[in-house]
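Right after this note come the structures.
Both complexes below contain chain A, partnered by chain B and then by chain C.
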Partner chain A sequence: MIKSGFFERNLKYLFPLPALLFVLLLMVFPVLYTLFVSFTDWTLTSGRPMKFAGLGSYLKIMGEPRFLDAVGRTFYFTIGAVLAEAVLGTTIALVLNREFRGKNALKFILLLPLVATPVAVGIVFNLFYDPTIGFLNYVLSVFGLPQSGWVTASSTVLPSLMLVDIWQWTPMISLIVLAGLAGLSNEPYESAKVDGASSVQTFVHITLPMVMPTILTAIILRAVDALKTYDIIYAMTGGGPGYSSETLNILAYKFSFEYFNMGQASSILVFLFFIVLLFSLGVTKIRKLFEL
Partner chain B sequence: MKNSLKFRIGFPLLVLLIVVPMIFPFIWMFMSAFKTQVDIISWPPKFLFSPTLVNFNKVFNEQNFLLYLKNSVIVGVAAVFVSLLLGLPAAYSIARFKQKRLSMMILVARLMPGISFLMPWYIVFSRLGLMDSYTALILSHILIALPVVVWIMSSYFESVPMEMEESAMVDGATQQRAFVAIILPLSVPGIVTATTLSFIFSWNNFMFSQVLSMQKTRTLPIAVYNFMSYAEVDWGGVMAAAVAIMTPAIILTMVFQKYVVKGLTMGAVKG
Partner chain C sequence: MKRVLAVLLIVSLSFVVFAQGASEAPAKQQEIRVLLANHPYGELLKPLIPEFEAQTGIKVNYESLQESQLTQKLTTEFATGSSTVDVFMTRPLQEGLLFIKNGWYGSLAKYDFSDYPAASVELGRKDGVPFIVPLVIEWQVMYYRKDLFEKAGIKVPTNFVELEAAAKALTKDGVAGFGSRGKGAAAVTQISSYIYNFGGNYLENNVAVFDSPEALEGIRYYGRLLGNYGPQGIASMSWENLMPVFQAGKLAMWTDASVFLGQVVDPTKTNIPAKDIGVAQLPAGPKGDSPFIVTSWGMAMSSKSKNPDAALQFLNWATSKELAVKGMLANIPMSRDSAWANETVRKNMNAELIATQAHAAKNGYPLDRPFMSAVGQARDLIGEVIVEAINTKGTSTRLPALATEKVKAVNELLKADGEYGGK
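Coming up: the complex of A and B.
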């Protein structure tokens, strides 16, 4: 040990160093740059040099109805989709939490939506949703129900997009909860049986509290991604019809790469980042409560 | 109750109720990929039709999909390879020296909205003349793959008992030698998990390539998207393109099912 060289003595700095430098260069600096740009009025189209504008970009964005609508939509989309996924996903996990033939094949099927390319998923659902040739309107007509415009009508576009998110990500919650259920110890169940608890009582008082931390973690992971949903919305509607499916991420993309209004785009991004951060902190706190 | 008649009929029905909605979009996609445009737009939707390869022919021979496939593979493989190179030692260090702050940083990298780095990259890469280059795309995809590698591997390394490298170090090996010669070979299952997942995430990424790639380095997700945004949608062709992009990810998942499940559920369960 005494002979150990420079490399070994400083292993704990040298080993993470390359990764750290990479993250610093390609992530930390760019994010700081975005933060900096958000305090300017910079646009790429005007050709003017960047000028410090204080909170100007933030104030402009706050007064923009498209921004406020996008904030509301982002929350609506995230809360609606993730709640549905949590309830459905947990229910599916509880149904499947037993041994049966073909369980592995079933798990494979659950994995399919998770690994499917979101852009392609969006396109497949666009075919489903197509008002004139789509399968879903056919199903509605079979049951004698009125046809829907799905993603082509501003009143139904958000729920239709949420349905795609729910289809794609419910299995993720199921798999996480299934893994959590598999790790539960048997003892509480045995003593509950001795005490003559009904299956509903066992579920409410034993299973649910024990898997709650797992479910909440799954919800955080999912919500953080749902807040940033981009691929599916961009591929299916591009934020339309009109602006009716524009979420914060889509709006930020349009401000940066369609309008080249870097100052305001950056302030949208800073805002989105804080929402994501606050949200994860909040849910982590709630999760701690359950663990105590 | 388990073997009651009600359960023996009810349970398979319940499973069917879960499986059918999950798998139907895939079935519809595959069917449509083999349909002619006439069959696709026919009403009511057709379940029986004579299959055609016209759409795949169009995708691969007229639309240059082999080039985009090659681009996706190059970018994915290079990004995953570099991420393993950078991420494995970092993950080992996080696990062994309990570097909480470092692992927090990786978590934050997962939280950040992608566009918040994309905008600065766009400016820097265009000044450096790196737009539409593999370099820019691979760099951006490393940022997708690296957090996955570190996230999965640091908890994997924690599960490998410390005695493993201690016994080697007693015999005179350095810790870095023990890491390469003993810990890494023991961690193959974890590395397979990290590799598969990070490759799939890179494969599926849309936003980074949308901004950083053009004609030359365009990856599959962008090609599929562009295919759709023509004035009149050629549904058969688009579905064939969707099949082409999803098949590799599905095959990877089939081969490495156990690992993919582990990777996706890891962290959430352990807490």
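Coming up: the complex of A and C.
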């Protein structure tokens, strides 16, 4: 058949066009627009049209003590939660990698937190955490232990939120690591056995290095998500008590939808965007080291 | 062949797209979009909307949203110019100034406001043009446990000294003596009456003054009560956290908005028999007896409405005298004067609640928060002072300095929005 006509000549452009448009409209445009707004002084409360302000919004945000606190909290939450998830998740994966009765049932139960809606999880945990009528303080009192303020006290609110994140997302790391373990070849283990390596030695020198790239992939995926955590924090504390669980995402939300200060909210989000980007690049580099 | 297929595909697809538009055009039924709040009055309206549709032939597409999401949705739609909303419920004190300033409310010059208290209409008016129909009012009351007061042999407090003594006496056996919102921004509205009763205020002539000695005394008193006699974790509790504690019988006194009475005595939600739950007016302070009494909800039209006549028709119906009476009978305190004068209403409503309304209407103050466009941020700033007072049980030595710092920040907001000083 002779290739002629517009369609035939441009098929290779036409077919990906819808996907390309989708990405441009729904992913690239919002990011660029946020970047644009971050260089303006746009607020709805003043009733003035938006005006170019250069780095004005960024400078104002940098001078806001809540911003620096939020940066610290974002990292504290992410590092704490993801480290615990990585250790717990890998341990669970190692246990599940053996054959035992009820293994499939256990795997199924492990999947349940993953499919739960974060806001619903938040509400249920809030009921557990309630210091007066909640279940956890009741349990503590039964054992004669001192009661905790959980999410209502500024000293315990972040660890309490991390606990929810750990509960929900450890299974994801387990599943990824489990897939990694299943893909390992048997040969190194056989040689190790012949050489008389102990099970601890086998684990430290064979299993862990071989599965490390998988663990790091899981950590990147989780950490990028944890840096952006919004739903459980908003549903459980809204950033409180006071500002003590206000992470960057919550702060940006407050600046945009409660204070209607779009310029400064956008500059917070651009900052968060670069943090997530740099973090992913960094961990990808580390991961490459293990692949060599 | 391929080309023929491609052309056919495009033609058939565009047929589907345009056919839809064509089939709707000839009907020409008027349609309006209405945004309601998840508020008892919104719930009351929803099942009645088909009656309105049958009477007028106007199709009403309504959506129901939680209050803060409603503000966000309206603001985002209006700010981006993409709104198709015609009529909506609105909170005059929270978003009124913001919406008026941005020109988002449609003029209600044609609406009959004669049945409303003048002050409540005034808040939603600019340059003589009214923009908001007052719908629901609320005022501060004190819910209390009659049985616990009886057991302890004390009377319902009528002033702040008695209130503190009662809170102390009733804090025992796992029951907290006194509760009120402690969560920063949410507490701003509930502490307002305490500040007024000590002679303070948030703003005076649009200048922040909540660092005055009177206001600070009110904030300290509130912090002392909640810090000493409040439930654990009070500094992060709003009404949605306090209500279950009260319903579980773990709270003896609770000051909050009048609107919650229906839920407080609802036998499916509470462990306490209705006869043991009382409603009293907020005790008087050393320098005042002015609980807030505010228009918590109003209804308005969008200035961008493509169907202003149908929208006004709906607004007139949704805020009618008949529906106001229906609202009152469902325990929703309405703004219309005629609804309060209605005989059936007076016979059926809770007598204690009517008494507290009469007191608040006579002595109360019409604001429960700083009335300004940037109210959201101002509430967070004031909230910091409140939380500091609660965490230190009212004894904080850095409270005056903190309050002065926040006063400065609120004044900056007022200046940035061109609202500082005067009108």
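Details
Here, the second predicted complex is superposed on the first by the 277 of 292 C-alpha atoms of A that agree within 3 Å, B and C clash if a C-alpha of one lies under 4 Å from a C-alpha of the other, contacts with A are read in each partner's own complex, and residues count from 1 in each chain.
Methods note: a residue touches a chain if its C-beta (ideal position, glycine included) is under 8 Å from a C-beta of that chain, and two chains touch if they have at least 3 such contacts.
These numbers come from a predicted model, not from an experiment.
Per the definitions stated earlier, placing chain B and chain C onto a shared chain A by superposition produces a clash between them. Of the two partner chains placed by superposition, only chain B is touched by A:104; chain C is not.
By the touch criterion defined above, A:269 lies against chain B but remains apart from chain C after alignment on the C-alpha atoms of chain A. Applying the stated contact rule after C-alpha superposition, one finds that A:257 touches each of chain B and chain C. When the two complexes are overlaid on their common chain A, residue A:12 makes contact with chain B while staying clear of chain C. The wider contact with chain A, measured as residues touched, comes from B rather than the other of chain B and chain C. Applying the stated contact rule after C-alpha superposition, one finds that A:47 touches chain C and leaves chain B untouched. After overlaying the two complexes on the shared chain, residue contacts for A:240 are found with chain C alone; chain B is out of touch. Of the two partner chains, neither chain B nor chain C is touched by A:203.
Of the two partner chains placed by superposition, only chain B is touched by A:23; chain C is not. In the superposition on chain A, contact of A:133 is made with both chain B and chain C. After superposing the two complexes on chain A, the stretch of chain C that clashes with chain B is 81-89, out of 9-17, 81-89 or 117-125.
Annotation: chain A residues 5, 7-8, 132-133, 257 touch chain B in one complex and chain C in the other. Across the complex, chain B meets chain A through its residues 11, 14-15, 18-19, 21-23, 25-26, 28-29, 32, 40-45, 85-87, 89-90, 92-94, 96-97, 99, 102, 105-106, 109-122, 139-140, 142-143, 146, 150, 174-176, 200, 203-204, 206-207, 211, 220-221, 224-225, 228, 235, 238-239, 241-242, 245-246, 249-250, 252-254, 257, 260-261, 264-265, 267-269, 271. Residue ranges on chain C touching chain A, taken from their complex, read 2-3, 6, 68, 72, 75-76, 79, 98, 101-102, 176, 183-184, 231-237, 241, 244-245, 248, 250, 373-374, 376-377, 380, 383-384, 387, 413, 416-418. Within the complex, the chain A residues that touch chain B are 4-5, 7-8, 11-12, 15-16, 18-20, 22-23, 26-27, 29-31, 33-34, 37, 92, 95-96, 100, 104, 106-121, 123-128, 132-133, 135, 138, 167, 171-172, 175-176, 178-180, 183, 213-214, 217-218, 221, 224, 228, 230-231, 234-235, 249, 252-253, 256-257, 262, 265-266, 269-270, 272-273, 276-277, 280, 291.
For chain A in complex with chain C, the touching residues are 5, 7-8, 43-47, 130-133, 147, 149-153, 157, 237, 240-243, 254, 257-261.
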